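Take a look at the structure set out below.
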Amino acid sequence: MSWTPDELMTVNAARALAGARTCFVGIGLPSAAANLARRTVRPGLVLIYESGTLGSKPSRLPLSIGDGELADTADAVVSVPEIFNYWLQAGRIDVGFLGAAQVDRYANINTTVIDRGPGRPEGRLPGAGGAPEIAAGCGKVLMVVRHSRRNLVERLDFVTTVGHGSGPGDRARLGLPGAGPVAVITDLGVLRPDPETAELVLTELHPGVSAEQAAEATGWKLRTAPDVGETEPPTAEELAALRELSDRGA
Amino acid sequence: MAEILSLREAVASLVRPGDTVAMEGFTHLIPFAAAHEVIRQGVTDLTLVRMTPDVIYDQLIGMGAARKLVFSWGGNPGVGSLHRFRDAVENGWPRPLELDEHSHAGMANRYVAGASRLPFAVLRGYRGSDLATRSPTISTVRCPFTGEELAAVAAVNPDVTVIHAQRADRDGNVQLWGLVGIQKEAALAAERVLVTVEEIVDALDPRPGAVVLPSWSVHAVAVAPNGAHPSYTAGYTVRDNDFYQAWDPISRDRDTFLAWMRAHVLEAA
Amino acid sequence: MAEILSLREAVASLVRPGDTVAMEGFTHLIPFAAAHEVIRQGVTDLTLVRMTPDVIYDQLIGMGAARKLVFSWGGNPGVGSLHRFRDAVENGWPRPLELDEHSHAGMANRYVAGASRLPFAVLRGYRGSDLATRSPTISTVRCPFTGEELAAVAAVNPDVTVIHAQRADRDGNVQLWGLVGIQKEAALAAERVLVTVEEIVDALDPRPGAVVLPSWSVHAVAVAPNGAHPSYTAGYTVRDNDFYQAWDPISRDRDTFLAWMRAHVLEAA
Amino acid sequence: MSWTPDELMTVNAARALAGARTCFVGIGLPSAAANLARRTVRPGLVLIYESGTLGSKPSRLPLSIGDGELADTADAVVSVPEIFNYWLQAGRIDVGFLGAAQVDRYANINTTVIDRGPGRPEGRLPGAGGAPEIAAGCGKVLMVVRHSRRNLVERLDFVTTVGHGSGPGDRARLGLPGAGPVAVITDLGVLRPDPETAELVLTELHPGVSAEQAAEATGWKLRTAPDVGETEPPTAEELAALRELSDRGA
């Protein structure tokens, strides 16, 4: 069965949730991955959306974080302040799953403004949403981003959300309780923070993708881990589940 | 006690030029009908407050009703950019738009402080983020017991909050359910509260997950069937995802946008 | 994930000597059965936390289980004094009882801070009251935006919170309704959570006004039918007001109290 | 129809709610008065109990502030933090109605400890409950207290709840937003703060009670207002409503 790089990215992102109990889900690619995980590697995964749902079990991919089915299928619906204060901030969520516009080598995120150069107005992005506190408060953070020099940049124009700051020890200094980003899952492979330097390095490549291709699509000089793995292609079951989800999507 | 008014009367009596206005609803229960009435009545110089500006504020901003936006995520959910919002911020069209920008956690707590009539709220937030450097409503406070430094955000207390709800009774008690979002806090933070509802009923029989706003905490109730469209009202209507997708090409171009607003808002109702 | 255990197992595995324990329920859903099991297991040196100590803590205090009480109103509601509480405070019988005393607003906000994992909460409270002079968990904080000075209270984070609820499903998800009081905050503020329920059911069909605590926020669920008696469980039992009245003479005298506890608690179950 | 001083006290307390829209109700005498008001002078009165009920309409007098009927008949039931933060603290309640163990001439309240003299342990009272913030945050405060030197004292052993502090201007200095106590309703008459001094003075006497009797039963040198009114005896309707309420009580 043939598959696209985007499909393998989503399948691979779902696999990263195999050990998780609870996941705070950003909309878009993270939501697709988290819903796929519930159909494949982690049927009991508890999905938490910032619109206030605990334990959503949608039968199709929601377009927004506030689709009715997220509430209708939830174990509990709470207010927005409660979801952020009692559940996220209190450190009850295992994994935060985020998308991003710009990511740097320490997995910091910019979703606020783009510097378009002298004399031109800043380009406007949507803003922070839940990301700064999701990245701060969850046990760990997964990110899913399409691999390009536009998305993976040498220098952020604005730090909306802190990943590993300027390197090792920065999260502790800032008082960020969670472990921070542990993987950036792309359509070419996976980047993970080097255990020593906290810099994102290439640790996994999709079948048929070379380290050079990944480096070429990265805005900083991407280092390669000593042992780069090859992503398992999607199984027939994974692919069928993903396509069924997407077909039912809005 | 809430007065039951027509939407036109309710907007005319509660929303004034220069007001700080919150129209809330986290994807669900967004008060589009009321926003369209504000546009029709030509109310301007508004400071608009909303966690997720969404298409509703894209329309208000594009029509020049706002001078400032207080928010935490300004996109078309699941679709892409809000083009009128971007055009205002990037190019000042149709007028410049001042921003006060937060995270969701920060905005939610600003409403909580507002509803509690406290001047600020405390949270673990913004650590290391550049957001704190751009907003005068983000600061820090030190715990008097542990010495820990935490984020502080200023309360938000709109002049008017507008929300949409499923229904009200004849006394003006309001009931809403489903994703209740930040509706209660936004309403209780405001000086004046306008609620549009799908219908007026004789009695509000209890519903799972329902929030009730007693009549004496609301100023006006107006019937606006399907008043959240293209957003939705659980139990009454479903989200018009096609409209959200369709908004992208409509809103990309200034003239297309203006023509659409003329046909569907200004000359409607 | 919550384990479904017998009440004996649940108390044995979650409540330890020296713990800070909150047994909450604002008149409604007071976990008497669990408190009696704590007494039977002879757990001592507890710091007991509760807004309204009520008869449940009168019993624990009279049996010598507590070394400290954190509270905001210690009476027999509608009847009069808690005699065992008074005897412990005034005469040190059966052992001295240290107090940390608040107002309801202060205690409620201490739980909110605890549930939010913040070190403190802010409120307009205690102004001019001597309460602030007696408690190390009351202080002040200054608003970084307006300069106003407000009260600050330290978070309360019990080692264990025990609550009673209507029911749970087989996965340990808990559902309660009626006066939900401070139950959710008390549970979420704790390290460990024990919930007694009237029954285990196959599915928690939605109920008006219901709070659901997901299984993964609870540590043990134990079935204890009528486990709130003489308090009540809306939809299952009614408050035994006669018992509250009868408690007054039972508890006035040390020996009468001890005989009653022996007959109805120690030798029961 | 004959009536007792306690009955007239409760009837008179109910009458004081004639103009109120919302009342935060303490348990005991205040609850009896507020419920009576709903049956006589103020059918639409919104009763708010600290257990979290907005708009309770009980058919019988509750024994505690948490009786099931308070919730079953309410317009809304909210959490205890919400009732204190969003409703009371936010200044939405017109009248706070309190009982008290000890009251001084400035309508300050002690419900914490009694000084029993040298060498004897402090006597223990129930504590503050909701009173400090009810007295601070409501538009105004009514109190209902049995008239005796034990209850109306020269000096409080402990200030649990501030009424008018040490006199005029004190509430403003302390930043207490409401007007504070406007009447202390007793079984002999009514005391109200003097507009100039904020000291409680005798403004109303029950039929057949003399100012001397009231002074005798007061722990401070009770002053009498220039024009002391006589409390209207209970009407047949008031008395019938009160007795029906009480008979149905626990």
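When the chains are written out, they are named A, B, C and D in that same order, and each has its own residue count from 1.
In this text, contacts are C-beta pairs under 8 Å (C-beta built on N, C-alpha and C of every residue); 3 or more make two chains touch, one makes a residue touch a chain.
Since we're looking at a predicted model, the values are computed, not measured.
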Shared chain contacts [subunit A and subunit B, defined touch]: C
Higher-contact pair (C-beta pairs counted), C-D versus B-D: C-D
Chain separated most widely from subunit D, comparing mean CA positions: A
Distance from the mean Cα position of subunit D to that of subunit B, given in whole angstrom: 40
Interchain centroid distance [CA atoms averaged], subunit A/subunit D, Å: 57
Distance from the mean Cα position of subunit D to that of subunit C, given in whole angstrom: 28
Interface hub residues of subunit A, defined as touching at least two other chains: 85, 89
Subunit B residues counted as touching two or more neighbouring chains: 117-118, 123-124, 148, 184-185, 209
Pairs of chains found to touch, sorted by chain label: A-B, A-C, B-C, B-D, C-D
List of subunit B residues in touch with subunit D within their complex: 1, 115-118, 173, 184-185, 188, 211-214, 216-217
Complex contact set, residues of subunit C against subunit B: 117-124, 137, 139-146, 148, 150, 152, 154, 206-210
Contact set on subunit A toward subunit C in their complex: 21-22, 46, 54-55, 75-76, 85-86, 89-92
Of all residues in subunit D, those that touch subunit C in their complex: 27-28, 50-53, 62-68, 70-72, 77, 79-81, 84-85, 88-89, 112, 121-124, 126-133, 136-137, 158-162, 165, 170, 174-177, 250
Complex contacts: residues of subunit B adjacent to subunit A: 26-28, 51-52, 71-75, 77-79, 81-82, 85-86, 89-91, 101-105, 108-109, 111-112, 123-131, 148-149, 178-182, 184-185, 209, 232, 234, 238-239, 241, 244
